[in-house]
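These are the structures in question, set out in turn.
Two complexes come next, and they have one chain in common, chain A, joined by chain B in the first and chain C in the second.
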Partner chain A sequence: MYILPKSDLPMLLRTLADRYELFGPIVDPVSGETLFDRAASPEDLRLDAPIPVNTPKFTVFPHLERILSFRYDRDSKDLDIVRDDLVRPKALVGVRSCDLNGLLCFDRFFLGQEYVDEVYRDHRRKMLIVTNTCVRPFVQCFCVCTDSGPYAAEGYDVNLTDLGSAYLFETGSEKGAALAVELGLAAAGPADAAARDAAVNHSIGLFDGQAVENKAWISRAVNRLTTGFVKPETWEYIGRQCFECGACSFVCPSCSCFNIEDVATQAGPTDRLRTWDSCSFEGYARMAGEHNPRRPVEDRRNKRFFCKLSYSQSKKYLRPGCVGCGRCARVCPGDIGLPNVVTAIRRETTGSKP
Partner chain B sequence: MSYHSGVCNFCGTGCGHLLQVENGAVRGVFPSPGHPVSRGRLCVRGWHIHELMATEERIPRPLTRGAAGLEPVTWNAALDRAAAELGRFRPGEVGLWASPRASNEDVFTLVRLARGVLGTPHIDLLSDGWYSSTAGVLREGTDQPGALGFLTDVRSADFLLVVGTDLARQNPIVASELHFGARAGADLVTIGSRTTQLARLSRTHLRPAPGTKKMVLAALLKILLDEGLADPDFLAGRTPGAAALRRSLVEFDLAGAAKSSGLSVDALRDLAGRLAQAKRAMGFFSTGTTGLGRDTVALVYDLFLAAGKIGRPGCGVIPIVGISNLAGANDMGAAPDRLPGWRALPDPAAEAVLRSAWGGAANASAGGRVGDLLRVSGSPLKALVVMDHDEEIILQAEAIRRLDFVLYLGAFSNPFMDLAHVVLPTATYAETDGTYTNTDRRIQLNRRKIEPRFEARPAWRILTDLAGRLGGAWGYTAPADIFADIARLVPAYSGASYAGLGVNLGGLTWPVESAPLAGAGPRAVPLNEPIAAPAPADEAFPFRLMAGKSYYYWHQNNIMKKTFIPRREYNALLLLYPQGLVEIHPGDAARLGLRDKRPVKVVSARGSMTVQARVTTDVLPGMVYAPYFIGPMIEGFLKPEAGAVERGEDGVIPVRIEKV
Partner chain C sequence: MNDRNPAVITTVPAAAVIEEIRDEIEDVRTYYFRFEDPELERTFAVRSGQFVMCTVFGSGEFAVSLPWSPEADRRHLSVRSVGKVTGALAGLVVGDKIGIRGPFGNGFPFEDIKGKSIIYVAGGIGLIPLRSSIVHVLRHRAEFGRLILLYGARAPKDLMYRETIEGWRGTAGFETYVTIDRPEPGWTGETGFVHTLIEKAKVPVENTVAFVCGPPIMFNAVIQELSGRGLRDDCIISTLERHMKCGLGKCQHCAIGRTLVCTDGPVYTYKQIKTLGEQI
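Let's turn to the complex of A and B:
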């Protein structure tokens, strides 16, 4: 534990910018919204800005990414595969705890199973993550109910907590520890840790007044989803409102589904592209022989909420799939973000009208 | 930053988005949270526009037709050839098709090329026919040829009426606004024969028999008038045209209309009362293939006017536009009978207006629609200039093949290239600056994000170079110059500039310098034709077919097929229904012995198609619904029925269904 005076924050950012492409919260000048994006210069990053509207997942899992190129000669059957080495070292600064937990889900999905995704591994290996304890939750947030915030417990290189005139600088890896030494930071004391705990507790207290309809019900929803107690009528009510746009998956910090397309380029080689996909789409679950286990929209919707809240998925990720960021609620044309789904499940059991 | 603010280029909602640029290429998209209309949402199409921007199916370089077909040439060679060919024709021998997806600047320069350089009045839009007549009705009533309300008022409305159309498929984010409005307590009502998603989310869904929507609207209007529910000014005849409109409805048989439409008089009376009592009421209808005929649009307008809901804050009717700049392209004068700014022709002052704006002679006469001119024998057209033919099927391909010269400008590879003698590759909307005008009159500036890919050039620049070779020195060096000319010639756009449009998300709504509906009026719009019940079903053609919308099928899909995920979804649908589909009621299916996914033959008086049946209660008994059209359906059925399709949802086609 160290102390980073706020006046030294530019020094930290410049040090990182020398070695990494720098990503973090940037305030868009036209809309005034915070985006998590690449910074042209370290001064653009705003650690005090509200939660970014997008998640940093595109830094490890781009919306559209060429994962390799190949040339194939039909006659000689020669195959020339070019693995791209376009992955540049990235430093993500000001990552919220919810989004970090999304990345940890990604790690388990892409790296933690039988096959390791090499492109993803490249992104992650060349990455340094500086998290930022969340002191300004968004009105739809509920990370306190999904074990993902507002304070990051693991998975960061450095975690910052705003203590007023300085940041508490906690290290979570050898890279982070080396950075503290290099920057010559002063060690923090017990009073600083206490101040951090107070800041975290204050942030947790802010959740009391928001998401009151569904917050306490997340764990009950996990139970009811896992045990199959949610009535078909509730899923139909939710399915009727789904516009099948895929937005919930695309903005979700832990949604990792993708599709692969091979595209012959006008320059000659064929590009193998990876693109975001979503269980909202009917074609997503279609199998050979016209079989589709999830054709009706309500079946596709409940699949998503199983993925986010059911216990079997939690076993895979070692945590709930939902990280409580509330972004799905902001982008849904049907007004069926996860908080409203939890509310619908709650109302089903309490008998009140949806 | 890698994310750059812009405007989605698919439908006329004009959602704000952020395009992600990596290494000079568009690689992602994200909704723009602060946008006043879309408020951080995109639909399935908008979420995949980066796939279209990344497609390799571009026209990479200029092509001219030689002995061996189209061959790549330099820009100079292509422009020289195009100018030499176009220069051969006399005024009036060239027809031009503008694109409803092109920017205001691109359409405006095409209009200027036509009238100011080529001297031809024969210019119009591919995929129009509905918007110009719809906006024309609204102009007749209010002097304002466009939406008479704001999408930003939907969430505070207390009454929302959707007439026809599958809005959740056509303009999903507009439908989403209506859904949010209903969730906030608004009384959402859908009038449509088919059960759509929005119909399911409505408090009331009235299902009139196909082809009787006009009668239902007339019935609602008559109830407002006869039962004293209408606005006092309208009832007392103080609203111009109100008395005449009322007289035209005296003979209208309410009970008969209810019977023909299959609705009860009580249900209609209830709905009329709810509309009359609402404080903030808004109406919506489509202007696309599911649009309404001229009189039906007039009745929607008159109904809201009679209810006192036109020109009042938070109220109004909004025609919903299916293509990004269909409304703006109309404002730019891509029409044979209008100049930029909706100046109707013939007009003795028109030539002076163009001469003073453009500093030279111009053809300000009224011309013909290119499609109509191609159809007639002895057509005056000898050459054609076409911008962005996004559709797969080319109507009148035979007539076009007979022309002396065809110039095609477009960004994406397209079957129209096969008909062209010169092909000029244009930049996409992400590769040049441009303004787009959405469905509620919002002029939005979309900035260039990347350099044009391959050898493409912005259309405005190509047209400026072409005009220069043909003797027109326009002096445009950037789209902002063109917009300055637009603002001079289109009164509603006066006061707007790139500097002003660039400072806020959502741009500016026209009229920029005055309050909306500041003109004379509003007045009642008279009906052109008597309201008659549709011809009774006869034994030869007992079913009524309606055409509609599908999510992944968009404007014949030349564009959607260049994406990955929407194309997969479309293909998944085609795997189930490879021949295309029509929806039919289970009762009818049982009677005819039809089963889901089995082929059926749909026969009209003019054409036929063999498609598969989708058996669903979403349609009424006696009704057939075609949500999209693929090649054989268009060739065998839709083309011969073009007249009926041009009447939109009013133009139901009598068909019979044969088991195959």
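Let's turn to the complex of A and C:
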């Protein structure tokens, strides 16, 4: 534990920018929205800005990424399969604990299980993460209900907590510890740790006022989903609300579905591209011969909520796949972001009216 | 890394050369191939019931079953030309190269079924994934009870692997029944849908497992018939098909219920299929 005076933040960011591509919260001058994006210069990063509208997952899982390319000459039969190393080292600064937990869900999913996703691993290996404790929740947030905030417990290289005139600089890895030494930071004392605890507790206290009752219902919704007790009418209602736009998946820090396409280029080689995909799209499961085993929209919608709250994460890793960022609620035109779905499940059991 | 497969080609396909192409039935061809890398050619080990991802360079990649038997059988794939990538494959000639990733999936549970009788029920190109298992079982004939193949196709011209089947007919201890949907001039064999053969063959249910593979409509009729005779749901084994992209359990395209066909399947028992809560 160290102390980083706020006046030294630019020094930290410049140090990182020297050896990494620097990413973090940037306030867009036109819309006023915060975007998690590549910083043209370290001064653009704003650790005090609201939660970014997009998730940092694109830094490990780009929207569009070439994973291979092929050159094949049908006449000479010459074949060249190229796996370029296009991955550059990145430093992510100002990551909130919800988004860090999204990345940890990705780690478990892409690096764990039977096979390792090699492309993802390459991104992750060359990465440094500086998290930022949320000392004040935003209206959409419910990370306390999904056990993913407001303070990052693990998985960061450095965690910063705003203590007023300085940040508490906690290290979570050898990379982080080396950075503290290199920057010549002063050690923090027990009073600083107590100040951090107070800041975190204050933040958790603020959730009481805004994380309304349905949000606390997440664990019970998980339970009902996992035991198969959600009524078909509830799924039908949720399915009817869905516009199949895919926005929820694209803003979600823990959605990782992708498509792979081979695309011929003008120059000759064929690129194997992987792109984001969403289980809400009608063609997602369609097979050759027009056989689509998951045609009704409610079948596709319940896939999302089973994925988030039941099998994909909860069953295997004993935590929900939702990290409580609230972004899906913000973007869903059908008003069926995750909190509202939890509410719908609550209503079906308590019989309460909207 | 993966105890089921000591060496799996995961992300980057391995180059393979097409050595021979045979026309099977309309739109279906069998491609015999060899890996370009001699070491891989020597060591590439598969289990029956698994699949690979096949790249047609310039077009894309698709999932395809392994019809060859793990022991001493030529490597080959049998593919129906239905769309973009399989259509491009059909345009290749001997000497062309394809890419192979795999082998993926769980494979048939041979360890669990030693000593039992096996009924194979296949419809149309459903015989492709079962072929490997049949060749394997015939090589270990003594380890099993009755072995019966019930195979049906729309018409004689739709029967896969006709020479191979003729060979099987002559194999002692292997009962082979072949049917076509409707009578046709020149056809002297059985007619009627494949599930009607279950009665004709007097298939046993005690100490028996059934491998069933074919289009969903045929699958349902066969299941009804077998279950009606008292064959337990966990003794009916099938392979499921899903749209696949990665084969590695990551893209999620092949999700069915709480499982992924590429890593948890493609082989499932009917008992498992019933709990998936989705159409097959």
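One rule holds in what follows: the second predicted complex is superposed on the first by the 335 of 354 C-alpha atoms of A that agree within 3 Å, B and C clash if a C-alpha of one lies under 4 Å from a C-alpha of the other, contacts with A are read in each partner's own complex, and residues count from 1 in each chain.
Here, a residue touches a chain if its C-beta (ideal position, glycine included) is under 8 Å from a C-beta of that chain, and two chains touch if they have at least 3 such contacts.
None of these values were measured; they are calculated from a predicted model.
Peer 1: Look at where chain B and chain C land on chain A after superposing the complexes, then choose clash or fit.
Peer 2: In the superposition, chain B and chain C stay clear of each other.
Peer 1: Which partner chains sit in contact with A:334 here, chain B, chain C, both or neither? Use first/second/both/neither.
Peer 2: Touch partner of A:334: chain B, not chain C.
Peer 1: Using C-alpha centres in the superposed arrangement, which angle lies between chain B and chain C as seen from chain A, in steps of 10 degrees?
Peer 2: It is 80 degrees after superposition, to the nearest 10.
Peer 1: Considering only touches as defined above, state whether A:38 meets chain B (first), chain C (second), both or neither.
Peer 2: Only chain B is touched by A:38; chain C is not.
Peer 1: Quick check on the superposed pair: does A:125 touch chain B, chain C, both, or neither? Answer first, second, both or neither.
Peer 2: neither
Peer 1: After lining up the shared chain so the two structures overlap, which partner does A:28 touch, if you call chain B first and chain C second: first, second, both or neither?
Peer 2: The first partner, chain B, only.
Peer 1: May I ask you to decide whether A:259 touches chain B, chain C, both, or neither, giving the answer as first, second, both or neither?
Peer 2: both
Peer 1: A:58 contacts which: chain B (first), chain C (second), both, neither?
Peer 2: first
Peer 1: Is A:246 touching anything from chain B or chain C once the two structures are fitted on A? First, second, both or neither.
Peer 2: Touch status of A:246: first partner only.
Peer 1: Working from the superposed arrangement, determine the closest approach of chain B to chain C, counting only CA atoms, in whole Å.
Peer 2: Distance of closest C-alpha approach: 10 Å.
Peer 1: Touching chain B in one complex and chain C in the other: list those residues of chain A.
Peer 2: 259, 261, 264, 277, 286
Peer 1: Provide the residue numbers of chain A that touch chain B in the complex, in ascending order.
Peer 2: Going through chain A, the ones touching chain B are 26, 28, 30-33, 35, 37-40, 44, 53-54, 58, 62-65, 240-241, 243-247, 250, 259, 261, 263-266, 273, 275, 277-278, 281-283, 286, 290, 330-335.
Peer 1: Would you tell me which residues of chain A are touching chain C in their complex?
Peer 2: Residues in contact with chain C: 67-68, 70, 72, 74, 77, 79, 81, 83, 109-110, 113-119, 256-262, 264, 270, 272, 277, 279, 284-289, 291, 293-294, 299, 303, 306-307, 310-311, 315.
Peer 1: Chain A touches which residues of chain B in the complex?
Peer 2: My answer: residues 1-3, 5, 16, 18, 20, 22, 27-35, 40-44, 46-47, 50-51, 54-56, 58, 60, 168, 172-173, 175-176, 179-180, 183, 197, 200-201, 454, 503-505, 551, 564-565, 568-569, 571-573, 575-576.
Peer 1: Touching residues of chain C toward chain A in the complex: what are they?
Peer 2: 1-2, 8, 10-13, 15, 55, 57-61, 82-83, 86, 95-97, 99, 216, 241-243, 245-246, 248-253, 255-256, 258, 263, 278-280
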